[in-house]
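Lettered A, B and C in written order, each chain numbered from 1.
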Amino acid sequence: MVGVPRKHRLALLVVALPVMMLAIYMALVYAPSPAQGFAAPDAQRIFHFHVAVAWTSYVAFIVTAVASVVYLRTRSEKFDTLALSSAEIGLMFCTAAIITGSIWARAEWGTFWRWEDMKLFMTLVLWLVYLSYIGVRGMIQARETRARVSAVFGVLGILCVPLSFSANRIWAQFHPTVLVTSTGSLQPGMLHALIVAVVAMTLFYIYLVLERVELEGLHLRLEDLKEEMGDDPDE
Amino acid sequence: MIEIKGLTKRYGNRKVLNGLDLSVPAGTFLSIFGPNGAGKTTLLKILATLARPNSGTVTVDGWDLAKDGAEIRSVIGVVSHSPFVYGELTVEENLRFFGRLFGLGPAGLEARVRELLDSLGLAHRARDRSEILSRGMRQRLAIARALVHRPRVLLLDEPHVGLDPKASAVLDRTLRSFKDGGGTVVMITHDLAKGLEMADRLAFLFRGRMAREVEAARTDAAGLRQMYDSLAAGDNA
Amino acid sequence: MPSTALLIAAKDLRAEFRTKRTLNSMLIFSVMVILAFRFAFTAGDGGPAMVAPSALWITFILAGMFALSASFSKEKDQETFQSLLLCPGSRTSIYLGKMLSSFILITMVELFSIVAMAVFFEYDFGGPERLAWLAVVVVLGTLGFVGVGTLVAAMTMNTQMREVMLPVLVLPLVVFTIIMPAVTATAKVLGEAGMADVGAEVRLLLTFALVYIIAALLLFDYVIEE
């Protein structure tokens, strides 16, 4: 199939794992606690992971949208496979972002969720859109139709994010606004930890996508074989 | 009239059409035979601009399928086993709607609708909703719909299926007068006798290619049967 | 070719008004939803004024799904979509025609829902100026919803369980972009504050409608080809 050889994927994992270990160490030990202004200073440490997974999930969804456009242009199945893989892994990272964010919010604000927070909000929009993206794929049997329809939705999905974002600004005026300034009070040690965490998550994302692409390749091959054995799928 | 070169259509990794070549001169009635899954319906869908080929060139009446879809659609008429008409609308409303979509003006449209209703024996049902028509009557309406814009090419996918002898005779008569008017017909059918009866040329589609083409005058029912069976035997081997 | 779009829209409406199947189910459904809100919030602390804007839009969107889905599923079931594709007009005029007929049906149901709302909630929609602003918000919000909804309905035409898939795909795209500003604007128009500052919402709704319609015009060809 289209995938990367097993050897290279393993090599990537071998690089990603130590970076991940380092990220955990830096977030929990190396980074200082924020000096002031936080109700639960040590809970702030989860933000290194939170920002990293959230960032990775945005990257993943952008990859899906770009791969969708390329698929519609070229009709090459590998871009559909990439779009699907990136959407699934992205959804996983997005879920992690929401969970880590909520844990922090509980410790800091005493509540799991703030509807007024635009970043939470945007993440939720993405989460919903790509959950539907994966849902619709399961509902279409014909492979080309599935690829085409989900590519259109992949493009629409990313399009609706900035729109939702600007809608939320209006709403935020209507309600009290609390913005999380994740960079405002960053001390150097925290910034280092954050960068390492972002790198670690990005490597991990690439590894997972490559594995998922490989798996989807096998899945499609299986579909082909089944089709060859069955009779007359023309009608 | 229709020129096809190296036409390939894949669904997934499966090649439904595999480098198919076909040439249909103007005024020819061509019958295409072939087993299920040989790609007959796909071929017709591509000619009707309903499906995109993966590679190959197709021209219809000089228009290139890849860029002139709208022009091709305005010179073809399609009849399938399904009537493609609106059940909630009456017979004449259906014809008017499709006539206007094909750009017929109000004056020409009414005359054309009358003409088709009369020639297909639908005049007494003109104000009935098409959903209450019998299968035969609905198929007549389908033929009228396909002819409303005076196409030069008719594409037929098993048009005789499910028709009683009378409706079948009306269809045959209409097709003959279409051909006599200089029209080109491509008909897919499983009915060897019917295909032979109507056609000038016969073609056999196996595994996405034209396995053989013959002049209809050069063979008879028994010869045709034998030809088909030997091709089918080779196909299964 | 806009005349093709008009022909298709006129055909859709003529077929619909002959049986009124979709329209009737949408009207009955709207009354049910509004009554459900009425019963659920009788003892609520906010009172009807708090409930009305969200109840209205939830009703509009859910009832609207029927129109969007029927618009394509009727063509699919009768296989008439093929015959539309066989016509020489551009494919995007099919989108525009479908969008127009759904827009008209949904607007009729919305008008009915607003009246039903006024009756069941004993709600005062105020003078002509308020109503005019309400109309602007409703029309723009509906335009955006129908704009993206028609595209998605065409997408789901070929999926299994298309009646479920349509709302599943449309809702995430419209909750934040259409429903939220529309509800906020409706609340402002109907609220004590008057319609002093719905300008921002109206601009947003207009922008979203345009963006969705332009995107749909660009993407529709991909959705319906085979």
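By our rule, a contact is a pair of C-beta atoms (placed from the backbone, for glycine too) under 8 Å apart; a residue touches a chain by one contact, two chains touch by 3 or more.
On a predicted model such as this, the values are computed, not experimentally measured, just so you know.
A.B. asks: Based on the averaged CA atom positions, which chain is farthest from subunit A?
C.D. replies: B
A.B. asks: When contacts are scored as defined above, which chain pair ends up with more C-beta pairs, A-C or B-C?
C.D. replies: A-C
A.B. asks: Report the chain closest to the protein's overall CA mean, measuring from each chain's own CA mean.
C.D. replies: Smallest centre-to-centre distance to the global C-alpha mean: chain C.
A.B. asks: Compute the distance, rounded to whole Å, between the mean C-alpha positions of subunit A and subunit B.
C.D. replies: 50
A.B. asks: Can you check how far apart subunit A and subunit C are, centre to centre, with Cα atoms defining each centre and the answer in Å?
C.D. replies: Once rounded, the distance between the two centres reads 31 Å.
A.B. asks: What's the distance between the Cα centroids of subunit B and subunit C, rounded to whole Å?
C.D. replies: 39
A.B. asks: Taking each residue of subunit C in turn, which ones touch at least two of the other chains?
C.D. replies: In subunit C, residues 225-226 touch at least two other chains, as defined above.
A.B. asks: For subunit B, which residues are shared contacts with two or more other chains?
C.D. replies: In subunit B, no residue touches at least two other chains, as defined above.
A.B. asks: Residues touching two or more other chains, restricted to subunit A: which are they?
C.D. replies: 142
A.B. asks: Quick check on the complex: what are the subunit C residues that touch subunit A?
C.D. replies: 148, 151-152, 155-156, 158-162, 165, 168-169, 171-173, 175-177, 180-181, 184, 200-201, 204, 207-208, 211, 215, 219, 222-223, 225-226
A.B. asks: Using the touch rule from the top, collect the residues of subunit C that touch subunit B in their complex.
C.D. replies: 4, 7-8, 11, 14-16, 18-19, 78-80, 82-90, 225-226
A.B. asks: For a test of understanding, state which residues of subunit B touch subunit A in their complex under the given definition.
C.D. replies: Interface residues on subunit B, with respect to subunit A: 11-14, 16, 36-39, 41-42.
A.B. asks: Provide the residue numbers of subunit B that touch subunit C in the complex, in ascending order.
C.D. replies: Touch list, subunit B to subunit C: 45, 48-52, 70-71, 73-74, 76, 78, 80, 82-89, 93, 97-98, 100-103, 129, 145.
A.B. asks: Write out the stretch or stretches of subunit A touching subunit C in their complex.
C.D. replies: Those in contact with subunit C are residues 72, 121, 125, 128-129, 131-132, 135-136, 139-142, 145, 148-149, 151-153, 155-157, 159-160, 163-164, 166-168, 170-171, 174.
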